[in-house]
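Shared between the two complexes below is chain A, which pairs with chain B and chain C, respectively.
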Partner chain A sequence: MTAPGPESLGMQASAGDRATAGRRRSRAHRLAALVPRTEWAYRPRIAATAFIIVTQVFLYVLLWRALYGEGDDTVAGMDVTQAVTYSVLATLMGTGRVIMEGASQETAQSKIRDGSVVFWFTRPVSARRYCAWRGLGESLYATTWLLSGLAIGLATGLVAAPPSAAAASVATLSYALGQGVFYHLALLVDLTSFWTITSFGINRLAAFAQTLLSGALIPLWFFPSWFTAVSGHLPFSATVHVPVSLYTGRIAAADAWPQLLEQAVWCLLLAAVGRLVWRRAARRLLVLGG
Partner chain B sequence: MSAPPPAIRVDRVTKTFRSWESTEGRSWKRPFQRRRARRTAALSEVGMTVETGEFIGLLGQNGAGKSTLIKVMTGLLLPESGTARLYGLDPYADRERNAHTMGVTFGQRTQLWWDLPAHDSFTILRDIYGLPEAEFRATLTELNDVLALSSFWDTPVRFLSLGQRVRCDLAAALLHRPPLLFLDEPTIGLDVLVKDQVRTLLGDLARTGDHTIVLTTHDMAEVEALCRRLVVIDAGRVVFDGERGELAGAAHHRRTVVVEFETPPGPLSLRTAEVVSADGTTVHLRPHPGAEQRQVTDELLSAHSVRSVVFDGTKVEDVLRTLYARRPETAAAAAPTGGPA
Partner chain C sequence: MSPMSAMPPSPRSGHVKPLVPESPVRRPVGRMRLAAVILRAGVRSQLANRADFAMAIANGVTYQVTVLLFATVIFGRFPSLAGWGVGEVLLINSIRMLGHGLYMLFFGNLGLLPHLLRDGRFDAFRTRPAPVLLQVFTYEAPVNAVGDLVVACASLSVCLSLLDVEWTVGMVAFLLAAVVGALVIELGLNLHIAALVLRFRGSESLFFWLDSVSGTFGNYPLGLFPWVLQGAFTFVLPIAFAGFYPAAWLTGHADTAPFSAALAFAFPAVAAALLWSGLAWWRRGVAFYARNN
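This part shows the complex of A and B:
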């Protein structure tokens, strides 16, 4: 380590002049690589995730087959193949959501706790856009898990193919909308830390609500009808229950439009709330920590 | 055409924080009780102008309001009244535009991506700032030459030592070649060697003449090595703003000279200084205004046998101590207590 003279650091400041600023074009979309890259840095965690999925799927298959018995009966409008397909897909959809699981250091909560959240507000990409690109990457990462699992499931015969091409397309559209709803839900929960600083309680509650009300744990069809009806109109069901029900044909493709519309409305509504909360959060920022 | 706006202009900025009075005891009712809000002033009517190319040291005790001022200047906090401008732009309203012109470090906080190798953080920042690849490479090479980063930049940030991480953080702040730097305690907790590297880098940047640097630190050696202009903040007010050399005068703090004589000199009468105290062979003198060091020593050596002469009290640190000690009661009462610094 030598101490170089001033001539070795000819650092001329440059951003001041407009010409340079013009040459700079933000490539913020590359932030989408953040979550997959981080996950790749923790390869054992990927193995652990795969193990958990396999175990969970195995248990669901055993459980539904045992409960349905030998017959061809339908329960709550689903036969055993539909029930297994529902649960396998619901399990797969819940994985890879590292931000929601809090497995990442990249949450507002952990950034606020160590104070580094300030850097979300000192860069030319706003915190809202930063999180949105990162969220898109997370979603694509989760989708990779889903598609890989789906391919294996179809190959092994655990998962049934959708009943029609129409069902497949509306399920895909519904999944995309569901990802939007999921992102904004998780974001809103995370952003509460701007007010509460530690939002462990809120996080746990939200994670519980998400698991139960999205159908990720038990298909919503199996609950009492009033519960199914109520939860069907909450945003949580838009993330898993609706796309999976469309995929399995439990909701007919012909009846899909009201569902898709409701998902879209939730997506827009939550995005609007999210925008508002971001603005407030930015104002409320950084009273924390010296 | 009017003159270009100064790098930083802060005009009568006031910021108060609301804190909650905690109720006594640990009653179960506590979370449901309304607590009384109390407002504490973190900054009151702070004003300063920094021209392009200046390197200023922002000094003050813990909780004096330095960090709050930095946050106002970097657009993280909106002041209640008064204005802040960076090159004429509002740092709060024009946050994203200003981001290209400023680089910031905040003490021990890191902007690096914890789980990824440090070098990945640089490429992520390249994408965020939209730096052309060639420019990015050139800057990184220059930074690497001074900060010696390449030996550890493939290591995930979570495994870096504090010194390594701080160097990476400094590089991260400089990557987009910002002409304006806010460095909030950049050398806190660093060993001498790393401090030297950081100091070298800052000195180099200052010498280019087009960097404006605001440095807060508690390390007075750093201030004396780097900053010509000092701004001292105490209890949310600017108590001094001027050249480092003027600071001594501002505090009405004159140097003392400690003289060690061979034998007790007895009653002394000097032309160049007055005697403050005498204790055996040790005598404390205060030079008369205008008397130079050499004149004092000449007079002492010409008439006495002297073992040592130590000119004391010329250090910024001592002057600051005097300044802080002079804090008026009212200001002390308004100082933030336990609030954000």
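This part shows the complex of A and C:
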């Protein structure tokens, strides 16, 4: 069946609802706890995530140290400490996210497949806001893993501290912007299932682009210079490459502003497109199995 | 209705007597035809969404391209890889990727176990008179394995053009055995993880972990890594037998292999042991699941 338009399904609050809208708004933030609480319900998943992150970090550190060998050479503008730190942080950022994507079933694709997507549009909170709050929770949860990994890395000496306080602060700002870009990119890919029903293929393709172009697998600096230059201006690099390069000092804190500006522009642009797509998606909502 | 419900009673299930013992589907040829029917139905169902079908094939390609790119970038920046040439390292890659492509083709659906559990399909499998594992393997047409195999074959042909090796019949047979070994090793390791998933819900990310670790670290000469990793990839998570050790013999590097040159010939034993242990774990996992669900 094709559901009615967003107006009748709670995308906009009706006059009766408006009286309690304020109270609802104040409660909506609790949706951010959804992801951490779901993860907590499956303790083995937390144990598996910890195991994976620890082994991945350990393996990549050993790989880069082995590749650099005993010498103090600089390859593609990065010394061994920077390469190891870049790799550890990128792994922490990438792995945590991938694991959650696989585990969580709160995607438009899975919801459309079993028909439960209708609940997104019958709740007092609009689907867009619901996903945004949930995404914030997901991001905070992933950040907790990142910070724990970073703390352990710093304590064991595997990860170097940022070269200056300025580098640390621009890296933090850049990470926050990167999380915004990441959320909106993933959302746009996921929302395509409103048109295609199954978006497994496009999801995997986007994951491939994300892994390759964000620097999550191989530091972008190691690619040929034209590739680094092009991918540096794509939104994917805003999610991992830019914050990590700022943290390691490969991009100096003084040169950070154009990067931060570009990240902010991507974030706003993708958010605007996302808003438009949400509106269209709600109009052509298809509920299977109802 | 799933095509598997048309499956005849398995001789191993015991409790359902076939009405017509000489029914043609009970003969091996009949089973092959049945498998072909299931595969055709699976492909048709995936063709329902053409774009997604094309992308599923493309995905096999893209994933393996990432692996190759990683290797290429590493090569470009760090040319000396423990004394191995590009063609030689590509042989490690090719053996592992061919094994992986074949694994995805025949057994890749094992990775869908978490979804089967969540959707309740696994419970339906347990009520049917056919081996549960067979039903898992034939659940969906493995379209993206085609992409995996395309890249693996491309990698092998590039590698063969770069290698300066006189291929004898024995070496070709060894190479084929090595690919089968890589397939069985991957199956054995994934069966262990599947058993864990049956026991500990939420541990499914270990499938991703194994794929990622063997995709990233299974492609290099073992001598590149410090001894901790050499030991780990030989004795703990033996992915070195799914590429490195057989390739070491084929390229004449066996004498420089860590631990012992004889390990180049150990992959059939390692694969058999892993498969045996994996099946034992799987059976215990299913038994645990049956007791607790």
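Everything below uses one rule, namely that the second predicted complex is superposed on the first by the 254 of 290 C-alpha atoms of A that agree within 3 Å, B and C clash if a C-alpha of one lies under 4 Å from a C-alpha of the other, contacts with A are read in each partner's own complex, and residues count from 1 in each chain.
To be clear about the criterion, contacts are C-beta pairs under 8 Å (C-beta built on N, C-alpha and C of every residue); 3 or more make two chains touch, one makes a residue touch a chain.
Note that this is a predicted model, so its numbers are computed, not measured.
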Partner chain(s) touched by A:169 [first = chain B, second = chain C, both, neither]: neither
Touched partner set for A:123, first chain B, second chain C, both or neither: first
First (chain B), second (chain C), both or neither touched by A:283: first
Contacts of A:76 with chain B and chain C, given as first, second, both or neither: second
First, second, both or neither for A:37, with chain B first and chain C second: first
Which superposed partner A:27 touches (first chain B, second chain C, both, neither): first
Doubly contacted chain A residues - partners chain C and chain B: 42, 105
Chain A-facing residues of chain C, complex: 49, 51-56, 58-59, 62-63, 66, 69-70, 73-74, 76-78, 114, 118, 144, 200-206, 208-209, 212-213, 216-217, 224-226, 228-229
Residue numbers on chain A that touch chain B, as the complex places them: 1, 3-4, 6, 8-16, 21, 23-28, 30-31, 34, 37-38, 41-42, 104-106, 114-116, 118-119, 121-126, 130, 283, 285-290
Interfacial residue positions of chain A with respect to chain C in the complex: 42-49, 51-52, 55-56, 59, 62-63, 65-68, 75-76, 95, 98-99, 102-103, 105, 196-202, 204-205, 208, 211-212, 217-218, 222-224
Residues of chain B touching chain A in the complex: 17, 62-63, 67, 71, 74-78, 87, 95-97, 99-102, 104, 106, 109-111, 113-116, 120, 124-125, 127-132, 135, 139, 142, 145-146, 148, 156, 174, 176-180, 193, 196-197, 200-201, 203-205, 207-208, 210-211, 340-341
